[in-house]
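One chain, chain A, appears in both complexes that follow, with chain B as partner in the first and chain C in the second.
On to the complex of A and B.
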């Protein structure tokens, strides 16, 4: 069987690397989460579900989950709203629309380290934001921002939104182009315009892109690490701690490898539950089913 | 009106980066001292200082090695696997493809602990080859997914003609199909390269020492060391150095990069 040899030979390098460095560690992660382990191989102790029981009562962990969810809702709403506006602005033909599309994705090309450093300097007590506020006579509005437990998480959210909007605008832009021309022409003839047209026609027509966008948001926000780690270290006093920064601290500061892996599994579980919920709530195409009673 | 709003969002996206660019030519103390002021004279020595004293030069070299090294392994093995998965029917095809696809779904940090211990056992912690291997593994999912789409879209006749001419399966791939997929390979490689150049979290854990820092690690390190001197000139110059290559590549290939970014997200 020459062909079998060819197929196996062509697949083998990719499959072996993937197996060794992705699938096996993934399996190990599930196993490690049932151990109390400080990373020294001899001192590994099976504790069953104890790590998860501890996790359920760990206020610092629960705080990080809540922070992740706030980040998802807060940054998510801003990102979707702004990226819809940008998508509309870039959908038109013409040079300025094309220019905006080109530049709106520039932040996405910057590494998260650079994004974090940049926004640290904007939110620095002596930084751009406070200097601007002082410049326009709003000195009383100045804050320490990232050092203020009321604003630290929001600051991270703003940096994330700045970074991410371009991608979501690109996504919604592609969705807008996929709306059939007849639909837009019909809306035109009916005199549907502006907000009415958006709410009644465009927004429902974007349902599949919406679902994709929200799924991406869940994955990206649950994945938040670099921005928080570099901008606030989860502080002040865990006000901006997220699941993955907490995981990092448990694993690489406290050497609690088993517990850290349980945090990872918890993170994955939360992301899965949210993703499934999205698939459930946005499962139906609102434009093709019968639920158009008001139309 | 629309033009005005466009301008507003354009400024919002770019102004922070323009600020980094001109601040990198100011004396370091002025970056926080008078954040909006333009440089009165250009301090090009910030760049020299960043490149040598601050270690950005060697970090640049490390990032170059890691990015090119990863692509050199990743692209051929992904193309081979994607080709077979896209064009040959065999038992287990869907299973393997789905397994690769699954890698795009879960956060890489989920398995950071086992990965760290694995590389430690292989004595590959804090080495560039260790990081390259991990980067290859974690880029396979996306790369195979996009490339298989390209191979699927190639016409059957060409492969059949090559086979009739007596080419083996492998020769058909290397001589006929791979050259045809070149545009797809290029887009995917560029997109991968940008992600690798910017990658921080895995590098942070897998390169714990000071000897092999990649650019994102070098920059992050500078934010801590320069704090004591309150001289931010080299940090800002370092930021510009790290962003410049990506910006250039992005601007040249941006229309193709949009395609890669949308691959898989629009059904």
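On to the complex of A and C.
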């Protein structure tokens, strides 16, 4: 009994803070999504599910969801592939691996605003990318990258991938180091090398890291705001609008706070569904003894 | 990861708004305020947008005003994104006494929600110098921009003029003159292009610069004020009228002929304006804040001069027509010391203070006579154009119907990207206007 009181006493402050700062606002968001509210006074009108009905038929919102999903697939694949390569390179002993590990984390230390400005400079029509293309005789490839409806979202995706790779490389690096040495040695003795070893040993054994990384990636991409807002403002003509830039527009530009909260709930639902789906599909450790006996 | 923090930042903001949304203090009716007879005392809090003109002039005025009223404690604060800070305070019913919430505050929502005091009683009292009423000291064309249903809620301070800019040094050197008509513009653009300079650049990420610098002035030039008034008043068909279509076709023509800088469609305001000040582009449509906004990056040899958007030969509109804008000041309905707020602003808009602002900040003011002095060089063409203008108007559509404006801006970008024809562009504009017309939750306004 005394022990329980002790535990509760220590847990209570954290739980209370979590309740006050996370759960209560989340609940409030749900409540406000049922109101028409301009967010400039306390006056609100209850509209029930109207905001959600409007949301379901809102092509601009659906486009932003699609853009988020494209970012998730496009940037996600690049991020995971590149970070795996970087993780492998940095797992090797030696100074250059250490140096690379340091370098890969540099973007993480830069503020997102600086990342956006940097990539804006690169993608500027007079910027680094077009200058390089012209320099190597590929003038016909030059574009107004961020002003082109076919490339703006990809441009944001590239900036996001550049920023995020270091973090995921760190995650995968830790995962690689966690693969028992005897497994690697056994693989080596059995003559498993290169791609075969990666596909048969490393990739399956990275299961728990993979699961964390992908879930994290989903949350990250669904929360994309600053990069888009700063690089393209969702343009041209909504080509790179994401759920959160759309939310911002509804709340702070159009003064539709109730509707914006419904967008937030929609965003939460999409992220939740995707995360749960990932946890479901990756629920079994392919390397666990139980699985192997089943197989 | 910072993405998450970004989300938290927004959530926190929303939470702070939500959290403060309980009983909104006293739900006072819109009481008129503004008696000058009352002794001013207590605290006077002023919150202002810290934009290109800074806060120093407001702070100075506050200090001077405080010295005149020893029982009054004046506090002036500001921020470049002050509108975000003011929203939760307005919701909580604890706003400042005088506020200048900046360009991104939805001021019409504030009026709709009864958050602002009507100021007509105060305006009908004497001006700061005692000569005539305070109302008479403002330019009536500008004052009317803050009115709804005959009541004045928003007071103007500085006046922004919209037009085009060129570098007189570059033009003189090349023997060019600022084009007065669209035909002259086409001829000039060809000459500029031949020199290897982009004739016109524009703030592609913010298409309203082009809407206010080309589309609407040209529609007004072609169809007269009726064309743009009808568009602003959401008259069915007005956004796809012949005037709007012709104006859109002109933009498309400039684009197709390569007179608009390649790539500008993806540029932010600062990127494109930098192209202009560095001489990579010869002209740019922009408001009167351009010189102060670009002060830090303008090479010492570069100069910039304002001119009115070229008009269309044979158009119905008067060639002197001028587009202006204001960023208004206001008194919140829940202000604790509204009288003091009003009196401070009356002092700020007195002729000597207005002239001081003109001189220090290089902008025109909404106060009559404030430009009767030796004006800073950069203001001379703007002031002359404003004085000569037979019609002065403002694009209020952008602040009234933000969702429609966003649609129209998106459509303009698509036209510039060659994805829409001018006809498809105006059809989309009309569809955006139609959507707003049908949406009963959006309050409707009329150009007065």
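Convention: the second predicted complex is superposed on the first by the 261 of 295 C-alpha atoms of A that agree within 3 Å, B and C clash if a C-alpha of one lies under 4 Å from a C-alpha of the other, contacts with A are read in each partner's own complex, and residues count from 1 in each chain.
We adopt the following convention: contacts are C-beta pairs under 8 Å (C-beta built on N, C-alpha and C of every residue); 3 or more make two chains touch, one makes a residue touch a chain.
These figures come from a predicted structure and were not determined experimentally.
J.: Quick check on the superposition: with chain A as the shared anchor, is it clash or fit for chain B versus chain C?
T.: In the arrangement built by aligning on chain A, the partners chain C and chain B clash.
J.: For the overlaid complexes, name the partner, chain B or chain C, with more touching residues on chain A.
T.: Partner touching more chain A residues in the overlay: B.
J.: Once the structures are superposed on A, label A:162 by its partner contacts, choosing first (chain B), second (chain C), both or neither.
T.: first
J.: Contacts for A:38 in the overlay, against chain B (first) and chain C (second): which applies, first, second, both or neither?
T.: Once the two structures are laid over each other on A, A:38 reaches chain C alone.
J.: For A:148 in the superposed arrangement: first (chain B), second (chain C), both or neither?
T.: In the superposition, A:148 touches chain C alone.
J.: Tell me which partner A:96 touches in the superposition: chain B (first), chain C (second), both or neither.
T.: first
J.: Quick one: is A:112 in contact with chain B, with chain C, with both, or with neither? Answer first, second, both or neither.
T.: Touch status of A:112: both partners.
J.: Under the stated touch criterion, which partner chain does A:123 make contact with: chain B (first), chain C (second), both, or neither?
T.: In the superposition, A:123 contacts chain C only.
J.: Looking at A:225 after the superposition, I want to know if it touches chain B, chain C, both of them or none. Which is it: first, second, both, neither?
T.: So A:225 meets both chain B and chain C here.
J.: Identify which of the listed stretches of chain B (20-28, 56-64, 74-82 or 110-118) has C-alpha atoms clashing with chain C after the superposition.
T.: 110-118
J.: After overlaying the two complexes on chain A, where does the chain B footprint on chain A coincide with the chain C footprint?
T.: Residues 21, 25, 28-29, 32, 39, 111-112, 120, 124, 126, 167, 216, 219, 223, 225-226, 244, 247-248, 251-252, 257, 260-261, 264 of chain A touch both chain B and chain C.
J.: Please name which positions on chain C make contact with chain A in the complex.
T.: 1-4, 6-7, 10-11, 14-15, 17-19, 21-24, 83-84, 87, 90-93, 104, 106, 109-110, 112-115, 204-206, 262-268, 271, 275, 280, 402-403, 406, 410-411, 413-414, 417, 419, 441
J.: Could you list, by residue number, the parts of chain A that touch chain B in their complex?
T.: My answer: residues 2-4, 6-7, 9-11, 13-15, 17-18, 20-26, 28-29, 32, 39, 82, 85-86, 89, 92, 96-97, 99-100, 102-107, 109-114, 116-122, 124, 126-128, 131-132, 135, 162, 165-167, 170-171, 174-175, 178, 208-209, 212, 216, 219, 222-223, 225-226, 229-230, 244, 247-248, 251-252, 257, 260-261, 264-265, 267-268, 271.
J.: In the complex of these two chains, what residues of chain A are touching chain C?
T.: Those residues of chain A that touch chain C are 21, 25, 28-29, 32, 36, 38-44, 111-112, 120, 123-126, 144-149, 152, 164, 167, 216, 219-221, 223-226, 232-233, 235-238, 244, 247-249, 251-255, 257, 260-261, 264.
J.: Inside the complex, what are the residues of chain B that reach chain A?
T.: Those residues of chain B that touch chain A are 2-3, 5-7, 9-10, 12-14, 16-17, 19-20, 31-36, 77-78, 80-81, 83-85, 88, 90, 96, 99-100, 103, 105-107, 109-118, 133-134, 136-138, 140-141, 144, 168-170, 173, 194, 197-201, 204-205, 215-216, 219-220, 223, 232, 235, 239, 242-243, 246-247, 250-251, 254, 257-258, 261-262, 265-267.
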